[in-house]
Amino acid sequence: MTRPILKEIKMDFFSAIISALKMIVSLDPEIVQICFISIKVSLISTLLATCAGVPIGLMVGLNRFTGRRLVRTILNTLLALPTVVIGLFVYYLLSSQGVFGDFDLLYTQSAMVIGQFVLATPIIAALTVAAVEGIDPRVRLTALTLGANSRQVMTTIIAEKRYAIIAAIIAGFSRVFAEFGISMILGGNIKGITRNITTAIAFETGKGEFELAIALGIVLLIIAFGVNLLLQLIQKK
Amino acid sequence: MTRPILKEIKMDFFSAIISALKMIVSLDPEIVQICFISIKVSLISTLLATCAGVPIGLMVGLNRFTGRRLVRTILNTLLALPTVVIGLFVYYLLSSQGVFGDFDLLYTQSAMVIGQFVLATPIIAALTVAAVEGIDPRVRLTALTLGANSRQVMTTIIAEKRYAIIAAIIAGFSRVFAEFGISMILGGNIKGITRNITTAIAFETGKGEFELAIALGIVLLIIAFGVNLLLQLIQKK
Amino acid sequence: MNSEFIYQLTDVKKSYREKNILDIPDLKLRSGQIQIMVGPNGAGKTALLNILSFLEPPSTGQVQFLGQPVTYQNNDLADRRQQVTLVMQNHFLFSTTVFNNVAYGLRKKGLDPTIIKEKVMTGLALVNLSDFADRPAAQLSGGESKRVALARALVMEPSVLCLDEPTANIDRRHEESIENVIRQINQSKGVSVIMTTHDLNQAYRLGHQIFSLVNGRIVTTSMENVFSGELQETNGLKYLELKPGLKIYVDASHPGPIHICINPRYIILSREKFKSSARNVLTGPITNLAFQGNLVRITINVGVELTAFITKASLDELGLKLGEKITATFKTVSVLVP
Amino acid sequence: MNSEFIYQLTDVKKSYREKNILDIPDLKLRSGQIQIMVGPNGAGKTALLNILSFLEPPSTGQVQFLGQPVTYQNNDLADRRQQVTLVMQNHFLFSTTVFNNVAYGLRKKGLDPTIIKEKVMTGLALVNLSDFADRPAAQLSGGESKRVALARALVMEPSVLCLDEPTANIDRRHEESIENVIRQINQSKGVSVIMTTHDLNQAYRLGHQIFSLVNGRIVTTSMENVFSGELQETNGLKYLELKPGLKIYVDASHPGPIHICINPRYIILSREKFKSSARNVLTGPITNLAFQGNLVRITINVGVELTAFITKASLDELGLKLGEKITATFKTVSVLVP
Amino acid sequence: GESDRPTQRLKITTTTSVDNSGLLNILLPAFEKEVNYRVDVIAVGTGKALKLAKNGDIDAVIVHSPPLEEKFVADGFGINRRHIMSNDFFIIGPPDNPAKIEMADPAPDAFQKIARTKSLFLSRGDESGTHQKEKSIWLASPMNIGGQEARLEPKGKWYLECGQGMGATLIIANEKNAYCLVDRGTYFAYKKKLGLVILCRGDQRLLNPYSIIAVNPARYPEIKHETVIKLTDWLLSPKIQKMIGEYQQDGETLFDPANPERN
């Protein structure tokens, strides 16, 4: 049971950055695994949340229906869902007594994905609403008069507001990538299976290994930076 | 020193909502205090973060300078700052050996405000960037040609993009209102002083009082809803 | 199926809040023609074009398109919108290149890329912007941008082309070439064109039919000689005083601010004043003489500019010259109050 | 301080990427006048107005404003912008009410609310939109919206008013009243007006001075008779073939697509063809006769419409009538190739 | 609110198990009044508690990990370590007890039975007091099943580490039907939710002693050392010790008073 890096690095605060870089360069298998789990789970949940959140956001942001303002307020309110509460809520659904107990999903990456999906969807939806709400009405009219059907009008609106919608998706990704409560409750921080960067950070913090925790936090930020760069490249194409 | 509500309510999952309403109606002094601390700390930190984040967002979103794309990517990356890492980082600053150790701020509401400020500022800034980046260039030109100075141009841009900027502020508020890591590390979950809704939820969860934790989560959402309604009223004026 | 008319509007009204901005009891538009709508700002021209291009439903009333009533259900509208393309007064270009803008509608149709490319380049050539294909749409001048919007509509080859002030912001040369394009697609491809303009000369040059909209109502007169003012009454005679001493007698019931139109065909020109039942008799010098189709358009400065149409034969008979004084006579009842 | 000229531009160039869109070696604009800039789409009119209203700096060259060189430092610009107001071609209204839009600049000046209210209502009255104060700006028709933008600039009472196609989208009545407003603030308040238009009649009606911009260069001729085409050469003679058989001989060196302008003052009209050194001799019927200030503007259809200016005396002498055939003669060197 | 309480404050950390029991909420108000101090209780794991103490950010710790405590004192960070109370650990597991451990088994033997049958075992794996205790039991020689040689290492798919607090660990163990080591207080707090039952208890090695340690005032002069000493003495006073022994939750005694011999 060796954890060469996690155990041996003891450093002072200002060398945390160096050790973070060391961690990345060293490619310590445990760190690599932890990062991989974080990235995989967060990307999948963000992807799913995008598929749900962007259409919801478009629907609420573009249509005028009664109760629209209420729906918007509810979406905004859901931004304040604490991860612990989402975690507990999904826990009840997935636990052996729960509705989906038969699938035995608790303490798996799938459970984390479900929880993070619940977390990210309202974020992406609410920010998509903000992005498209003030859109020039001529975008829709122009698309319609050039023969676009409803679906095509939507993709046109997305294309016009691509920067703001990608910002919404980035905000969603960042939130789930940095969240901790859901991963802890639904993943269980089980070593090698559901231990991701944030639960590892909490774990090291609990042990009093603050510097190591901060170094892991920097690793997380470096990865987030990489993902952002990637998104920006996609966006430019 | 009794905690009638915190201790006595034991309920099944589906009655959590009812107990949440009961909590609010009953105005149990401890619950009231916990909610008050949450609201007070989050509002102050959001206010400060708005004062910092909106100008930063406007600067980055509206000006074309070299390295702008990098700054934007960094802002987006900072969205992924885990609260635990912020907590630890600020802890080092405020700890008795830290730069600000003399102020003895650790485990006070001020410490929580500082941490939450660090959390919310990049959120508000990044979403403000997204809001103003695609702004019609004529807004700026029209303001300038009507004799507006730089500051007045900014307020005009804010007024034009008010919905998206308020959405940014709401996202910032929601994030700090629902966050837990900073409150825990910097506040210490001290009863009556720094115990807010999220640390109370974690506390009850730790004791196995899941239903109570969920009920508290619902209380949190109800408060968030109220704050959102309020913001909407301000926005409409 | 009666497709002599592309549109038949019955009792169509459009209102925003309480304000009624369109009120059209009956309007039939023939297919295969260039129909031109004129009228003052806020008359409802854009609102009517939005209804004709199925972007907005009327508040009440029925619209028939090619003999079929329009139900304003989603599928119905999608089909119809494929056949009608509108170039908005305040057009919008997507934030991409000129090429992609013009290709937009063709791509939504799912055409083959090589065909799209061909059509787009043909379209850009029509508006003289072949070199602009790769330019970002945001970097065009006002007129260039408008012409791209026109090309984008033209490549769609719709059955009906609605144009809301298509040559505003466009220079004279291109105005002419765009007029030619409009004429050409109307003649060679049988596209029905419905357009608005504030340039009456353009309307006469292009239109098979011209109709006017004033205060949301169709008026049958042309839009020459539209004046507005406060209705006044002295000795039972109702009139509008356009300038001190310049009165136009009208036959109107409701007092207050009104628009009036004087049909230039009903104005009689003579070298001398003559006694008649006509109450409006105004004199002034000729300031403009021009051919207008088979007619001659004569502008007389009677304090305001008054336009009259006469035949070429009358022109020769009267031997009118620029600068000559002449008298215009018309009856109270030929002053239209919409 | 020499304030005879509001602007003096020296060697001003503006380029986007590598493309040079303005190239003005020397331009002086007199103060207190109405100066009108005409030119084809993409000529650089809007780009020049943006420089004159200090919204964009030139790429190179010097701009003097009221005799002072403009440094393009922030403070400098803020001061100057207070004195110059621009109404953009593609104007923008803030998403608030009409009143707030018109009040915008006054509020930024920090004026008293009652004064603001007064000025705004006066401004709205000028453009005939007094009833529209409380309407959201988004709910206006195209022309109404443009008029609000005009009112918003007028209430600022600037020293210089730049107007980029102020009457595009505006109906004839209001066009006239806006022209009157422009004339009036120029005369009574001495405001210098610099405006663009594609309507040459308007330019002649309003302008103290008219100058043309073609391909980013100032040309001294008027914008009547602008043609474009491919320069061709046969037997050493260079010409533009506007239509089959309709050639205009020019004196140009660089081949390829060019614009040409023929100054209508240099066109000689005669009933008969006469022998001369002038190489361009074209014949056709008169299609339009009109007064233009002290001159008479005559349009002849020689295959394209050609405009000539003659004096009233010549008109009487020649006794020209609508429809008559007449010959236009002009020299190769009087065809300007900017 | 904050205002009507003394502004002088004493900051102590305690383990979550003590905080969750509610014991200090009952005890401390009397002390606060007596010394006119506000006592801020910060609940964190043993590792983090000692770290905060090392940094001088708190005045005293209440922890339960003798080896770490000894090291902490030996390194000069803390002084005046006093045993104030104890409770004990249980080995719990699924009722069908696949490893066939018995109530009276010595703890190391029970663990070895689990290892041998490769029954699922969930470790906290977080270097907490409980985890330290668990590791020491894995290292101890079993008595009835072979000797030192026969000792199996906790390794393999059956041995899971969750790195979480006691409560969360219990919940996971319950979902997974795994064995685990749990302290008395947390077990009773969660008992109603659990299908797991106590399978082994009573071994001396399962004793769980809590101590209070003052942060060394020589290192951090700003520490409120005098008050910490007062608190320590007060906690060890007969009246308070009696209260500790009598404190109950849901009908279960949670702590035993201090063993005077240890101090």
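We just call them A, B, C, D and E in the order they show up, numbering each chain from 1.
Here is the rule we go by: a residue touches a chain if its C-beta (ideal position, glycine included) is under 8 Å from a C-beta of that chain, and two chains touch if they have at least 3 such contacts.
Given the structure is predicted, the values throughout are model-derived calculations rather than measurements.
Novice: When you check each chain against subunit B and subunit E, which touch both of them?
Specialist: Shared contacts of subunit B and subunit E: A.
Novice: Taking a step as a move to a touching chain, how many steps at least join subunit C to subunit D?
Specialist: Step count on the best path from subunit C to subunit D: 1.
Novice: If you average the CA atoms of subunit D and of subunit E, how far apart do the two points sit, in angstrom?
Specialist: 88
Novice: In whole angstrom, what separates the CA-based centres of subunit A and subunit C?
Specialist: Each chain's C-alpha centroid was found; their separation is 55 Å.
Novice: Just give me the whole-number Å value for how far the CA centre of subunit A lies from that of subunit B.
Specialist: The answer is 18 Å.
Novice: Pull out every residue in subunit D that's touching 2 or more other chains.
Specialist: Where subunit D meets two or more other chains at a single residue, that happens at 90, 95.
Novice: Identify all positions of subunit B at which a residue touches two or more other chains, and write them in rising order.
Specialist: Correct list: 205.
Novice: Got the subunit E residues that touch at least 2 other chains?
Specialist: 165, 168
Novice: Please list each pair of chains that are touching.
Specialist: The complete list of chain pairs in contact reads A-B, A-C, A-E, B-D, B-E, C-D.
Novice: Would you pull the subunit C residues touching subunit D in the complex into a rising list?
Specialist: Residues 16, 39-43, 45-46, 89-90, 139-144, 147, 164-165, 168-175, 198, 200, 223, 226-228, 287-291, 296, 299, 312, 315, 319, 321-323.
Novice: Show me the residue ranges of subunit A that touch subunit C in the complex, using the header's touch definition.
Specialist: 136, 138-139, 141-150, 152, 156, 159-160
Novice: Under the touch definition given earlier, write down the residues of subunit B that touch subunit A in their complex.
Specialist: Going by the criterion above, the answer is residues 13, 69, 73-74, 76-85, 88-89, 91-92, 123, 126-127, 129-131, 133-134, 161, 163-164, 167-168, 170-171, 173-175, 177-181, 185, 197-198, 201-202, 205, 210, 213-214, 217-218, 220-221, 224-225, 228-229, 232.
Novice: Report the residues of subunit D in contact with subunit B in the complex, numbered from low to high.
Specialist: Against subunit B, the touching part of subunit D is residues 53, 55, 74, 78, 81-82, 84-86, 88, 90-92, 94-96, 104-105, 108-109, 152-153, 156.
Novice: Residues of subunit A touching subunit E in their complex?
Specialist: Touch residues, subunit A against subunit E: 1, 95-96, 106-107, 184-185, 188-191, 195, 199-200, 203, 205-210.
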